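Chains: A, B, C and D, in written order; residue numbering restarts at 1 for each.
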Amino acid sequence: MKVVRPEAMSILKKIFLVDLIKGLLLTFSYQRPSANYTEQYPKVRPKVSERFRGAPRLNNDPVTGETLCIACNLCALACPEYCIEVGWERTEEGKKALTTFTFDLSRCMFCGLCEDACPTPCLELTQDFELALYGRKDMKWDRQKLEEGNQPIVYTR
Amino acid sequence: MTETRGKSFDMSTDEQTLFDANEVTVSMGPQHPSTHGVLQVRLKLDGEKVMDAECVIGYLHRGVEKLGENQTYGQFVPTLDRMDYIAAVSNCLGYCEAIEKMLEVEAPPRAQYVRVILTELNRISSHLLWLGTHALDIGAMTVFLYCFREREEILKIFENYCGARLTTHVFRIGGLQYELYDGFEDEVRAFVKGFPEKVDEYETLLTENRIWLGRTRDVGVLNKQDAIDMGVTGPCLRASGVEWDIRKSNPYAAYAEFDFDVPTGEHGDTYDRYLVRIEEMRQSNRIVSQAVEKIPGGPIRAKVGKIIKPPVGDVYHSIEAPKGELGYYVVSDGSTQPYRVRVRPPSYVNLQALRQMVIGHMVADVVAVIGTLDIVLGEIDR
Amino acid sequence: MDFLIDYILIPMVKIGVVFGVISLVVAYLTLLERKVIAFIQVRLGPMRVGPHGLLQPIADGLKLMLKEDIVPAGADRLIFTMAPIMTLIPAFIVFAVIPFGPDFELFGRQVGFFITDLNIGVLYVLAISSIGILGVILGGWASNSKYPLLGALRSAAQMVSYEVALGFSIIGVLLLAGTLSLVEIVEAQRDAGVWYVFLQPVGFVLFFICGVAETNRAPFDLPEAESELVAGFHTEYSGFRFSLFFLAEYASMIVISSMAVTLFWGGWLRPFPGIGALGFLDYIPPFVWFALKVLVFLYLYLWFRASWPRYRYDQLMSLGWRILMPIAIANVIVTAALALALRR
Amino acid sequence: MAEEDPHQPPRGDAGDAAPGEAKPAVPKPPPKPAAPPKPKGPQKEPWSDALVEAVRKTFPDEVPGAYTFLGQRNLVVRKERVAEILKFLRQNPVEPFDFLSDVTATHWPKEEEFELVYVLFSFRTHGRVVVKTRIREWEPIDSATAVWPGANWLEREIYDMFGVRFEGHPNLKRILLPEDWVGFPLRKDYDMRLQDVEWVRKHLGIDSGQKFYVGKARHDDGDQG
């Protein structure tokens, strides 16, 4: 299929700048306020989709308050950037229990592979997206921060 | 590169030697508003006329191929999104299909359809970004914002589907990770329905505009033979008159089941490339509108083990990315990590043609030609 | 005493008022530009500084003044410093002859609504506005950098070519009015009972096209084409010096708009000054008519910028010399012949 | 830990991908020669048709192998007359491969060899053929730029990444890496963390944090800050 070039304009159309005026009319019509597309971000919070892959969180059991993590280390192995470190110890019954969990957010690329790998509903990428910080040091999230979830600074204007 | 084909300057004439002393070398980029990233073009100018051009690339080199050798097959996928970040879905599709080919599995039909829909939406969004920036380079700044408005709708669909807008990591080897969300079809249908008239709007602003015609017609001409010789692919090749689209010639995913045309140009100039891409957006829209009506049911992921270990051997698989032929050459040694992953980046090969396209033109045309090649530096430098 | 008041005090006050108002208008023209283009592009434009961004120009001005003033190594310091001033001053002193309204009475004294009424006002405007280009060329040259140099070369060529066509496009009006004074041109339109745009449509279109090119605005903004030459002649300028170039550009936009209004659209006159039935329009002060008309032209500038691509350098030249020039000359000849024929 | 991690990648020397660790991650030769897992999987099948005949006829000693693998046609040729074979493939009447899709290379350190791979495409039949040839380290090979000028940058990239020299190439210099970079990153003996520390120090004026990793193929990272 050959693309069709528009035919050459007639002299009359050329003299009266029809091609240019067509463009002008289109841009003029878009000035109506209803066509506006801007979101006033800090003032109006954007609605992020449910599946959004944002700040990580370690979920606790809502009833008992204990962590859902079984320290299987699958997330750490799935991570392409090797940014997760899971620490555990054996309990008396010989089961694994989570002690520390470090998530290096500065290297995370939010691919969601850790979330996919997690066999329990523990590790989750939440809808928090305001992750800017003043230092790289703060980007390493420990277990406490991961369980509390991100507390972004809310800008009002 | 030193060989000069096609349009070039005869440096031996008296007129040229007379003005040799006036040549000035201008470094366009790596920080320049319209080199689309960190491309540097060293221009040799005689007044405003380009006598020679040399591309300097590699400012964004991250060693993607090396990274691939050190990650498992599945882990490498999100890294690929960072190559052509405008068309991350296409990158993902090509790689997943290459590995599926090695594993001899095929994604289930439902996954194939969703792949087609998302990839074509991605093609539209990539072309929209191209149109916006190309028009902005030539000075029509409003088209840019209009294009981004429509692109935003597509990105919203991506975000709703997989949770990310740009670096989507949308497919997995063997099919899909995410089931379609409620309302996916309706959102896609709404977009498909409204999109053609938006394309008409861009065309109102540009196609017949005398300034646009003057800036694009007969600028950066690449004839058929040169285009083939230089390895140019995608819309640039088709605008030169070669009817080759991998979606038609070697159908992958579910493309064989859809009805669409492959637009080709005739003159191989910037204006033809513009028309071809505009038409491609309409055709992609057509594919999406067909696909969304008949998404089959069934599973979304073929049975692929948690550990992906393709057999020893190598495979080359290529797809039609928005920029051209995106090829993956994967060598497996039977372990969980690829022995070698080679990406054939379309922009990288297309950019080679820049030199012969700009020689003899003016500085302003260099900007137009860079824009019309539709390069993404993340893919060129990898 | 009268001498002091007439020739020192009143002009001084007028200069102060005009300078102040024009500076303010220029500042808010930048906001207008951002807002108009934003709305065309389905955006909102500046919204944060003040309600709907109304204080944005002031914030911008403060920012530019406080910014570091960088003179690039290897630049010609003196010329680099002088160039923005050389562009700004002509852009502002042109307003000396622009008539904003008719004479009015103040404390029993007849005062003109203009700083001065030169009998060669049109020539004065043309002459002074071409000086501004000197600053652009020198600024580009003195930066000792390649992009500014290219920008300066472009603007030099562009100005020279379009200056000629601009001059020719006005001659039709001058033939009709028989005077070079801007005030008398407006009065001639009042006496004729019709704006000259209806007698000189071709002349007006030519004038405005050339005017847009003269002020380096889209689609002729080649000297600063940001996608090609980064920022053209003011690439190396920063801070306050950059803002001077910026102000000068917007001031020249107002000059060209005012000239178009004065020469072709009846200056401060209300629409259809010859038709008595529309007398009620006289209740709107003449100055407001003038301002409204100028605003329309400023809007046109912005509208063009938002809608059209940019010409290429060689296309610009061929448009100027091969299309606009012949039409302008033909227009002069036809006007002269008609004027001669009708006067008999 | 080890018993539960199916995703365990062989994190040792990436070079030959043999884990060689105590962890039972990827046993390469399956110790139990049990039922039929071995023959499963795609096999190389000999390929012979008019095209191979034509190539073999013109270059009797140059084409030691022709096989298909997963539907992909592979032509193994000797390195001496690669450019000529490519030219023949481009112009042959049976199936003209007029388009060069890709040129790339793979490093096989055990054999001290590089495998060069040319991927050709035919507009007439929409078929592909992969031409492979092997060269020893530092051995030059003919450039394909005479046949396809588009091979220019592709070969430059191979030179940049593997150090393969192409004879007759018009402008063989580094393309993605800086001109004065030392080392060829895509060789298997070049570790992922390795870099030209000298270059970084000289041109960027920083001591790269990764210098601690030079020569140490380890994925665990300390605090690099």
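Throughout what follows, a contact is a pair of C-beta atoms (placed from the backbone, for glycine too) under 8 Å apart; a residue touches a chain by one contact, two chains touch by 3 or more.
Keep in mind the model is a prediction, meaning the values are calculated, not measured.
The busiest chain interface, judged by C-beta pairs in contact, is B-D.
When chain centres are set by their Cα atoms, the one at the greatest distance from chain D is C. With centres set at the average Cα position, the gap from chain C to chain D is 64 Å. Note: centroid distance chain A to chain C, computed from Cα atoms, is 49 Å.
For this pair, chain A with chain D, the centres built from the Cα atoms lie 36 Å apart.
The distance from the centre of chain B to the centre of chain C, each centre being the mean of the chain's C-alpha atoms, comes to 44 Å. Residues of chain A found to touch two or more other chains are 20, 23, 26-27, 30, 37, 78.
Each of residues 7, 9 in chain D touches at least two other chains. Residue numbers of chain C whose C-beta contacts span two or more other chains: 40-43, 306-308. Across the interface of their complex, chain D is touched by residues 1-3, 5, 57-58, 61, 63, 65-67, 69-72, 75, 101-102, 104, 228-232, 242, 244, 249-250, 306-307, 309, 311, 313-316, 318, 325, 327, 329, 331, 333-337, 339-340, 342, 344, 348-349, 351-352, 381-382 of chain B. Across the interface of their complex, chain B is touched by residues 1-6, 9, 14, 19-20, 22-23, 26-27, 30, 37, 48-53, 78-80, 109-113, 116, 125 of chain A.
In the complex of the two chains, the chain C residues touching chain B come out as 37, 40-43, 146-147, 150, 153-154, 218-219, 221-222, 225-230, 305-315. Chain contact summary for the complex, chain B toward chain A: residues 71, 74-79, 81-82, 142, 146, 149, 152, 156, 159-164, 167, 169, 177-178, 181, 201, 204-211, 261-266, 271-272, 275-276, 278-279. If you check the complex, the residues on chain B that touch chain C are 24, 26, 32-34, 47-48, 135-142, 144-146, 149, 205-206, 209, 211-212, 214-215, 362-365, 367.
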